[in-house]
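Next up: some structures, all given as structure tokens.
Shared between the two complexes below is chain A, which pairs with chain B and chain C, respectively.
After this line comes the complex of A and B, so read on.
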């Protein structure tokens, strides 16, 4: 081989090595940059039967994350990054999504996983403990996970299904003139016949025994697009109030069928997942007067909405495709969820240092989260989010909802502020169930004093 | 007693709604032997197209006409692009093809028209009326009347028109029909077009009842036992099957559900269907296949 040829080969090899090294350097820089960000994987369902419910939720969540990045420069300078994986609201896809993202992204750890689906959250309960990634399930998920001694990585923050049932009963009490007037009333729960739907049977039986009302339970099979038998039964039993715990198409069909049998719609109190614009609009005019209890009051006049409008929507940065959904129940639920996640990271950063937080540290952050009236006012979420303080013994923290009434066009708050649940009455039962779960699974409860 | 009658009548009327979807299946199966799994998606597509046009301010009848055109074109396209190349393939291949078509229709509909939930008001009053002390829904009565008219019209089409008779001939023996000059492909296109029209009627009535949303595709879940009971090749069977499923579901929910402590109507219709399969495999009005061996 000639010298010239050798030189040429050598120079090419050097050039190639330089190219590889520079590419690696760029990759390392990108990884290092990513490692300085806080990663939030979002399990979304933008297609399929429940897409209409999900799309505004991610819009609220992503808009708030963008607001934190654009206006506040991230959480104490740590910018948020996120990506989505589609679950179609199906358990197997939700679990697959979790497995895919749990290791984080380019060195940025997963602090919190938001399953967005009651069955998915239940399927991930044990995996999240093994992986030390907290599941935040606002207004869904396993109620006994309130007991963080047994469920260290499950957080049914804000408003569990048991609190939902209790707040609904307390609202009815408000309407009839006090809890003593509940005695002798008939309250029928028309529920989605699934683990989610059955979740309120125990607390309602307990509350019925305590306050003396008759507790009637009427199941509706999935998906709930035909309910003539259930409402014929309502007509026969003549309850004073109906507590409607639906999901998806079940709610508008229930409202329409109630009207068909002549049951007054203003005596139906919808549960959390029966209380959005998507639930009442398809029912048309007969939905006027329908009530619903929610931890996500609708409205776009909260201070945070003004900020979101100014810095995100008006600048064309919003994820919202339909501007009518700005301030809707589902949009606001996304904002609420993002506030809880961001504040938990902020709390963890105050303890562990300003850097991307991992799952174990985020669990600490969640268990020390204190969303006081003052902090909510600073965020601009007064009235939108209820004050809450979490601990290892209490992964819920709030336990109150506002009651909305549909006027044919929009929701209006009709309760006197937040309607509190009887948490003192129900917590012993919740701890009992958590202890039974611990016994069944051979779990030794954590010491709650840490 | 009046409660029993009311439950029964409510169930019968609900069953007619299932029949409306089942008729679409019967139509295609009767003429081409294809079990069209995409029927539910066609129902959704029809309702979504109609309501999207209405939301854009189009007049009711103009929106209905455009939607009908869309559905007929869709039906013809499915036949031409998907099923025609698969002629003479096993039944399971055709079935799987319609399964694919179903997902395609849903996906394209969502991309084109979005995933929002829409109200659909057909102007039919939905307040209950009392007939002989029994409360009956006016909307359900209107739906039952529509189903009745549809069945009569389709029965006349199949039994009295040249096209209908040709379609029956194709269903009986495609090769014999071809040998006497019946144009198979043209007639299949017609039948898929008519299936599009039936989807529009079912989509409008179901959409008015529950709102237009993607869950509309789930109405086919109850149409399957209706078909098994009534028979896959009979319009009248679809109606009778619907009535049996509706009444059975309703009564079982009230009288059996409370005994078993849960909802029974998810599976009761299928138990009924299995019982019919054991006794009468071709369904009440279906044609039992006879093969020379």
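After this line comes the complex of A and C, so read on.
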């Protein structure tokens, strides 16, 4: 081979490398033009194992965003634009999506990222701090992140797993006639044997000690499509109540197996992720009477639903594939999430000016979010969303759930309004854990007075 | 980075000899160029390229390399990859947490060694059984390890969700927690391990492994230490996979729990080496690129071409179908994997240039 040929090859190779590198650089040069719209990326899972529960969530979210754009003309005139990135509920794809969207779009920054997946939210905990983009995780995510002094950019707003457990116990107290009647009761928690499922062990042990009930923990290995052994144990131990913290197929199988061993289904209280239409329909007729605690009460009669129906659904603008899902638990969870996001942006706009908000400003907005009864009534979400007041020390805010009962057709609220959790009792424990995390990671907690 | 399987194809005629020299020169040249590009990338690439594309690609290559040593070179099929990754991750985490005075590279290596020792135990059945039966026994390892880390809080320092998250990553006081720092940590590890592995497979150990792979009875008859060879393969393979697992946890994701290393991960790595090329070092990179980069590319292309026009769910399913079709197509074109395909292309190119 001649020298000239070799040179030619080299120059070609260098050219190719330059091409690759310039392709890599494209992503960095976003247009700097002042944007008049607010970008809001959505990490979705429309395919994969959990797609059926995800699809109604995006519908609720997108319908509310469209309502804000079409009817209210945006948030104080700033319209929302969004695009989707598919995660398959997988943590690697979730991280990829986050990295893809975090720089914003056409000069409009990302105010809030909704990871939609417990493992994804955990993988993003530190990245979001570096990038100053708040993660809002409603009814999932790290419980310790309630302490915003240690986790400035994680917001497990509304209802953490600890609050879920405590509210479920308080609902049982409501049923048996007061917290003093809990003494001597046996409450068995049948849980998905995963980090998510085990999250409630610590608070339940603490509550059992406080109120004097017996705390029984029964794990179900993933995916949970065979539970004879667990329910045989239930039959033997004869608990008064069962708290069911399932995921996916585990919930309907649990309900069916409970019916088989003769455990009364109206003494089973499902957790947040065991309380949707998709969880009870597959169980069939035996699910009638089943209870579930949720921060997303089902129903299509809330005021906001009338507006959504009039302006979005009836005009064919809805993202909903199956109109029957309108007002379902998952659809309403999407609406709830969208309301929190929009109100946080609105709060930030009131402070920083009416323009697209970036992550750092949205973090301020979230920490100063005050969804009072009055504001909820203006939105039309009274009864759908609980009053919420966040601060740097409290990234949860609400901590209450409603208990629904399945009547074979639909969910009905059976609790006395919102069942509050014993946050005063649990918060010190949560702060303790956050402090331990801070110590392990060498984080100096923020001053909470700002 | 050179393909081992093709070293056997050596011609005697003068032309083929020059072709071989040219081919080798081309290879070395391209490897150097690639390395230079990889080192230079952080100058131009943004966080997205580092965090979401290059770091996972490099770590997946490393994992594939680990499995390839066991499966491609020593012929012992294993589905325990995810489990060994989790051992490496949890072991390194505990070393960093409980012995903070150890420097990061030492913790990383020790985490790998612990994973290697677990690998030896998991490899014991290979002395008596092989093929599909061995796959089943490594499957048991996979499930056992996943259960272990979920069940016992000690491994995750009693975190509420049994997840582990990296303590501060630093070497000699130099902070590595930025995307560039994590990228260089990964790149350096991958380069070192690749060089060592390349030497290893060309050494006596490597030849022992290949003898066992090709026919273990014959190998035993001619005096190759079969049992020791198999266990050594399990040790080295699990060591490399363990290091990759620790990087996956701390350099890539930041926070993980045992679910990140489930059976799906084991399958993904196995597919990567089948597509890339069994018994080849460069095949690991090609296979990892196929498994990690191609879906991302498809997603970008799909979103760019049809975004908004087609329902996002449908588009996602189309991409999956296309990805599957591409796997089938590549395996039909070259059942020995992308490494063989590329090596053939190199040989042809070199022959044309050398003439």
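Please note the rule applied: the second predicted complex is superposed on the first by the 416 of 450 C-alpha atoms of A that agree within 3 Å, B and C clash if a C-alpha of one lies under 4 Å from a C-alpha of the other, contacts with A are read in each partner's own complex, and residues count from 1 in each chain.
Keep in mind that, in the parts below, a contact is a pair of C-beta atoms (placed from the backbone, for glycine too) under 8 Å apart; a residue touches a chain by one contact, two chains touch by 3 or more.
Keep in mind it's a predicted model, so treat the numbers as computed, not measured.
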| item | value |
| --- | --- |
| Chain B versus chain C as contact partner of A:235, first or second or both or neither | first |
| Partner chain(s) touched by A:47 [first = chain B, second = chain C, both, neither] | both |
| First (chain B), second (chain C), both or neither touched by A:122 | second |
| Greater residue coverage of chain A in the superposed arrangement, chain B or chain C | C |
| Partner chain(s) touched by A:403 [first = chain B, second = chain C, both, neither] | neither |
| Which of chain B and chain C A:376 touches, first, second, both or neither | neither |
| Touching partner for A:193 - first (chain B), second (chain C), both, neither | both |
| Partner chain in contact with A:55 - chain B first, chain C second, else both or neither | both |
| Chain B versus chain C as contact partner of A:253, first or second or both or neither | first |
| Which superposed partner A:282 touches (first chain B, second chain C, both, neither) | first |
| Chain B and chain C contact sites that coincide on chain A, given as residue numbers | 46-47, 51, 55, 193 |
| Complex contact set, residues of chain A against chain B | 46-52, 55, 193, 219-223, 225-226, 228-230, 232-233, 235-236, 248-249, 252-253, 256, 259-262, 278, 281-284, 286, 321-322 |
| Chain A-facing residues of chain C, complex | 18, 22, 26, 29-30, 33, 37, 40-41, 44-49, 51-53, 56, 97, 150, 157, 159-163, 165, 167-168, 177-178, 252-260, 296, 299, 307, 312-313, 316-317, 320, 353-354 |
| Chain A to chain C touching residues, read off their complex | 1, 5, 9-10, 13-14, 17, 20-22, 24-25, 27-28, 44, 46-47, 51, 55, 83-84, 86, 88, 91-92, 95-96, 98-100, 102-103, 118-119, 122-127, 130-131, 142-144, 193-196, 198-199, 202, 433, 437, 440-442 |
| Of all residues in chain B, those that touch chain A in their complex | 3, 6-7, 10-11, 13-14, 17, 107, 110, 114-121, 126-128, 135, 137, 139-140, 206, 209-215, 217-219, 222, 249-251, 253-254, 257, 262-266 |
